[in-house]
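Here is the structure we will look at, set down as structure tokens.
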Amino acid sequence: MKKLVKGLFVAVLFCAISAAVFAGGEQEAVTGVTEDEITIGTFQAMSGPVASIGVPVANGLKAYFNHVNANGGIYGRKINLIIADDQFNPGKTTVEVKRLVESDGVFAMVAGLGTPGNLAVMDYLNESGVPFVYQASGSSRLAVPPKEFVFPVQPNYLVEGNVMVRYLAEEKKAKRIAIVYRNAEDGIEEYESVKNAIKLYDSKLVEAIAIDPTATDFATEINKLNAAKPDAIIVMLFNPQTPPFVKQAKQYGITKPTFLLSYPNAAVTFMVLAEEAAEDVECMSWVDVDFTDADFEPFQIYAETHGEGEIPNAFAVAGMVAAELFVEALNVAGPTLTRDSLVKALESFKDWNGALGKGISYKTYNEADNTCRLGKQSMYVLKVKEGVWVRHADWIYYAD
Amino acid sequence: MLVLQSIILGIPQGALYGLMGFGIALIFRSVGTMNFAHGNAGMVCVFVAFSVFTATGSIILSILCGIIVGFLLGVIIDKALMGPIKHLSHAGMLMITLGLLMIFEGAAQLIWGTDYQQFPELLRGEPLIMRLGENKLIMPLNDLLITAVAVAVSIIIALYLKYAKLGIATRARAQDPIGAKVVGIDTNMVDSLVWGIGISISVLVGILIAPKTYIHPGMMGNMQIYGFTAGVLGGFESLFGAIAGGLILGILEKLVGAYISPDYQLSIVLIIIIIMLAVKPSGLFGKKSSGRV
Amino acid sequence: MLDIKDVTVKFGGLAAVKEMNITVEKGKIHSLIGPNGAGKTTLFNVITRVIQPVSGRVSFKGDELLGLRAEDIIFRGVARTFQNLQLFQGSNIYDNIYSGWVHNYTKGMLSLAAGKHLAFGKDARDKIHAVAELMQISGMLKFYPAQLSYGVLKRVEIARALISDPQLLLLDEPAAGLNMDETSELNDILVKLNRDGKTILLVEHDMNLVMKISDRITVMNFGAKIAEGNPVEIANNREVIKVYLGDDEDAAS
Amino acid sequence: MLQVEDLKVNYGHIKAVKGISFYLKKGEIVSILGANGAGKTSTLFGLGGIVKREGSVFFKEENIPSSASVKSAKMGLILCPENRRVFPELLVEENLRMGSFARGEFKERLAFVYELFSKLKERRTQTAGSLSGGEQQMLAVGRSLMSDPELLMLDEPSLGLAPVIVDELFRVLVKLKDKMTILLVEQNALKALKISDRAYVLQNGNIVHSGTSAELLADESVKKAYLGM
Amino acid sequence: MKKFVYLAVIGLVLGLLFISESFMLMIFSSIIIFGIAALGLNILNGYTGQVSIGHGAFVAVGAYVTSVMSMNFHTPFILNILVVIVCAGLLGFLIGLPALRLKGFYLAIATMAFGVAIQQLFAAIHIFGGHGGLYGIPRLIKSEFGMYLFNLGFFILMYFIADVITSSPVGLKYRMVRDSETASKAYGIKLSSVKLNAFVVSAIYGGIAGALYAHTITYISPADFGLGLSINLLSMIIIGGMATLEGGLIGSVIITGLPFLFSRTKVPMSIIIGALIIIFVLFFPRGLSYGLKMAFLKYLQMPLVWFRKLRARRAKRDGDWVEVNGKKIFYTSRGEGKPIVMLHGNLGCGLWYSRVMDLPGYRTIALDMVNFGRSDRIKDSEMSSYALYLRGFIEKLGFKDVFLVAHSLGGAVAMEMAFDAPELVSRLLLIDPCPIDGLHTPEEHYPFLELYKSNPRMLKKSLLAIAPHIGDMKFLNSLTDNAYLMNRDSFIAHPRGLDKVNLTERAKSFKKPVLVVAGAEDILINREMAEATADALGGSVLILENIGHSLMVEDPDLFKEVLLNFDE
């Protein structure tokens, strides 16, 4: 009996080892690309506290790719998008991205959401040679130092901080500037950038307050802010925190200074949550979209998938920008698609303008050139007028 | 000045912590279960209130619905889950409530999603501003309302427990369950009632903070931790200890935020609980260190 | 062997035990009886160091016990059982008996790496089997307390107390909850233990048992000793009868 | 008034009451005697619905199910439990008010109880926990009387009381005799027998003797049950 | 020791199976890592009974300490892990101190507060990366497979250590503290030192898990170690099984592994885990590990049972069938002369006498009673029914004055028949028979008897226990095979039936010679029982040293000698 068990055991072990050895044997010509399909992946917080961003980004991606597929795909290939839910938990992102690359065999990654998750997987993707186009994150570490297969699009927070100060100092003539920022990597990055940029001007940073990313009550912080008497306040907070912050600040009597929000807040959600406190608040933006124009073509594309009259919010638009850019790159890469040809195609972009994304450039990869993977470097300003975002100032560029 | 303003800011916040702790202490004292699902039970009902609000547009109706559903939820928890396990160990009850905590969170995610939902403030308008020379002290109207409601609710429940027949019966049941049975008090009914009231209070707290935190599945997480802290600080043995504990906590928190750093607010508060528990588990206002442990 | 001198215990101002004096002699079975609330268990708890008396002295073989903590008592050769079974429900009978011996393992965690516990366990095994044999529970060592009858569990308790080979055995109502047969078995066991040289202090309500096996009986009421003597003396003591049956004179009138 | 058949009470492994039957007629005082651990308290707990029991209990010709403490209290089957079990942090008057929770007109009964135990009236704004042992026992009895019991079950009312107070308590019991039926569990056997009509002797969960008080007083077996001789 | 080899081998095979899909290895690694943390929590919560819902803090400490050290100072892992052990242990000690005074809910609140406070502190301190956490933590081993093996190795080591601790006197002290503090004190246990010990050990487990986590996932943030993780760890041991070593790992498979199954659907995990916790606490408080063990004992060996049955049926046995009341009875007959009929005991068959069949001058007949061996099944399992069939059997074969030999349960049948029809019996040799007034089996043994039905290993062991000197294991094996031919219902029915036997009255009229033989080492029938039976029958007793319950299989020659002596 014992012998039998042992024998069986050895047999199983043998099978297992041979399976392991031969499993990787057969390789496709190009991973994720067949005659009629291109498989790509993305990771989004489809559940959990950040799902309010992840779900619209995914919706934007889906809408655009559906549209492309409905119109015959790209060189006859349909795009198959796999969305992995990482709940904004980088531990999960790592596993999910590995699963996409190794198990699902995706050709490329598009539009991963979140600074932590993107930072956690960028090196892995780069080393695996999987093109990673568009990160929904403003961290400068995605672009600097450059990574051959990682293509950021959004302006990073270094850029934003700089642009914000330039705008406030030059256009608004603000002398006393305050900043409140998320006490996290992204917030600190922007704070450092603001601190450096302000030296270029005749203005002063009168107060800098770090805010716990989980806080819901800002009374103490506002109290301090009030004491500093600023002319303008840079608010580097994200969705669940920005509206109550602005609301409470106004309640506590800070009505005069300009509130200038970071670009992730440029969405209708802000207006809905902040209600009348939203009025006159300004916000950075990098996607040039008039949300009141329902006939705008990308909105039509969005409505095809999500129903008549549905208008994408800023996050959905971000998803669509990513998809737009990626599809364009596929088109440029031509019918014989490889990862290298995709990279080449992207590197050929010079101040490219799509329907949504504008002014996007890359250069040929050179590890010494910190500007070869920068994507976009200019922004403009929106302002709330009677409950809608209205374009308020024109493109502003990074100031050295 | 900062001290005064911090204290003024701390009061409404503390009143909510106190109310939360009051609900937890009420259930714990009367029934003997420390309810770790207290916050999330309230959260689910706040979502219900929110749904009613979006459907009807009436704030009063939605709040009423939320509180009534909260009461029913409390009764259901008692009848369906706590009833069969009253004989179980404390660890068993603890785990059941932890399980509930997760189920409520998941259910809210499933039904209402993870978006932040807006719930209107009950009182709007210019905040109260007091000028003291150069400086001014500010108290928003809604915070004023929060404080008033918290105080009113505690007083109402205090009166109920002191004078109503069922209220006295609730206290009697807490002090001697067998004594309560022999005089013909339906202890099961009293337990359900206590659960109902307890959860209703949690719903009320949820509705009061909703304008600040917005409605979402994690809205009551920290609130519950503060509720426990308030209870520990004031002593679970006395209901009003919880209210006082909450107020102390609220003010302390704002002072820490103002003078040390907002980053350390929660940690310091929590370390206070541990020290408090180690040094005087009966709390600042508890009479004796024994009792239900 | 055990001397209790002028022990007074108060609970919130109320005296539960008043100036008690008891001397338990070596090799005897000494019983402590009295109605509910007489203070027997309180006195018991004083000896086992659960309660600190207000005044008085408790000495065992000349050593003062009152300075010790409850967990030190066993090291002095005093072992006890509990009225309402304090067995370790999550351990089998073997381990339950073992737990009466395990306090002798005082080495630290690192000794485990050196395997010191193995030899200890081996020694313990022989003791456990010997005690189990004595208490006639050898066949039950693998069972858990919840699987066994109350009578067996009572014997397990005594086995656990016996394994450390104590000089004084404190038994708290060993017969409570037993049926007639089990009580008579218990009777035999106690007599045998006593014959083997164990001194026993017994708190018990079952008067049949007490009268049969005790060498000496102390009767308590309202925290004080009201009588002491051998079983025959006690059975005929007017005070005792009054305590147990009520006011005799009243009844006669 | 009360008919009990084959009453059994178990606590897990332990069989506390092993199938006893007895009855009470209206207006009687009946004692249940026995040594500690004989199953007296368990019997009363079983009757009062505090613990689960087997066997049938008929009170006023109506079957009382197991664990129906509310129902039995409403019907007037009232237990005054061992160790007083008053509510220590409630005032004396609140304790009494709880006594009339299930039945009984509060004001009317309050007057009755205060008349019976004038001490309680003096102490009515004190918490029950601050009373002395004897006063607490009076409060416990008083609380039971608040519900206008038809059958009052008293569990060791003399426990831990000084003899003078015991005498006083028993005088009150005699006074109550014409108003209600009483089932008395007592350790003080001779005293109990003196005021009761009949008695049952419990030993190890079984009834070993029963009879009128006079018979039992003359019988040596009671002594044996207590002293084991 | 076997356990650890199995664990290693199963782990290795699983790893090899998924070697090409490194994300699966990563999931396995996570499962193993949280398994270590849960194992530690189980030492504290399961074994020592101290609730903790702040255990995530220790994992955090391990993760942060090793990350900061290796990222900033490039220290080797071995040094890191030592520092982690010290830090986590110290922290465990610190929270253990206030916890000494707390129990139940208060302890839960204190540990929860502790867990959240530590998490918040890490988030607030800049060197730990704030809320964003740390990333780019160096991997110890480049390949995912290597990292998995590393984690597996650690798990097995930690499992082994936990095994040593929990089965040592220290582990016993843990359990004592958990089950009764009063009794622990009375038996010399210093509660505070035992509790602190458990806190420290458990914290170290958490710390080590955290260190492995950091180097495996390479990214950590305070959010990973919050209340959620603490509750998850608790869920693992509840679902897996409290106070079991394997419980944590089993729980981790579900709590850590399951979410990856659902990551592409919209079902929130918390609802599933929450429901699982409640279901397990209410209905399966002993957890999955117990369930799996029972399933293993009950069902997994069923094929072996069928195999054994088949083998028993196929085995060659010479013999004949006789039909009695429509039921066929199988018997083996040997030799010629004076007839001896031999009856086997419970779980037996004629084969038990196969070593003693050769008796010159006698015709030995060993039968399989109905319900046993190759004979037919009947509906009930009563001794009286067996006696009726036995009588029919003897009459069918046309014997009168039979020499009846009976073993154990067969003894009850033989007596029953002999009292019914004394004319058929000349003398009675009873080998360790069922006592004249029945054999009581304690109620607690029945669940085990139930298990014998489907667990050949346990059955074999118990047969060995009643025939300790059998010597020949092959013979024991075939006896075990044949035991499974017995009616399945009889496994339980026989002990119940033997309990009811009472033949004392009827024995009085029996006048034939009787010898009761009993082994001194018999664990079922002791000397007193044998003597009582002999007394009731007016026979004599023979107690044999160095013999257990079954003389004829333990010492065949002695059996023959006894038999021949008795017949003279």
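Letters A, B, C, D and E mark the chains as written, and numbering starts fresh at 1 in each.
Just so it is clear, contacts are C-beta pairs under 8 Å (C-beta built on N, C-alpha and C of every residue); 3 or more make two chains touch, one makes a residue touch a chain.
As the structure is a prediction and not an experimental result, all values here were calculated from the model.
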Graph distance between chain B and chain E, where chains that touch are linked: 1
Joint neighbours of chain E and chain C, given as chain labels: none
Co-neighbours of chain D and chain A - touch as defined: B
Of all other chains, the one whose Cα centre sits farthest from chain D: A
Chain B and chain C: spacing of chain centres that average the CA atoms, whole Å: 48
Interchain centroid distance [CA atoms averaged], chain B/chain D, Å: 42
Centre distance in Å when chain A and chain E are each reduced to the mean of their C-alpha atoms: 56
Residues of chain C whose C-beta touches two or more other chains: none
Residues of chain A touching at least two other chains: 47, 183, 212, 214
Contacts with two or more other chains, residues of chain B listed in rising order: 109, 263
Full enumeration of touching chain pairs: A-B, A-E, B-D, B-E, C-D, C-E
In the complex with chain D, residue positions of chain B that touch it: 165, 168-169, 171-172, 175-176, 178-186
Chain D residues within the chain C interface of the complex: 13-14, 16, 35-37, 133, 156, 159-160, 163, 187-194, 204, 217, 222-223, 226-229
Parts of chain D lying in touch with chain B, wherever the complex brings them together: 48-50, 69-70, 72-74, 78-81, 85-90, 94-95, 97-99, 101-103, 143-144, 146-147
Contact set on chain E toward chain C in their complex: 164-165, 168-170, 172-173, 175-176, 178-180, 182-191, 197, 201, 243, 444, 523
For the chain B and chain A complex, residues of the former touching the latter: 2, 5-6, 9, 13, 109, 113-116, 118, 127, 129, 136, 138, 140, 209, 212-214, 216-218, 222, 254, 257-258, 262-263, 265
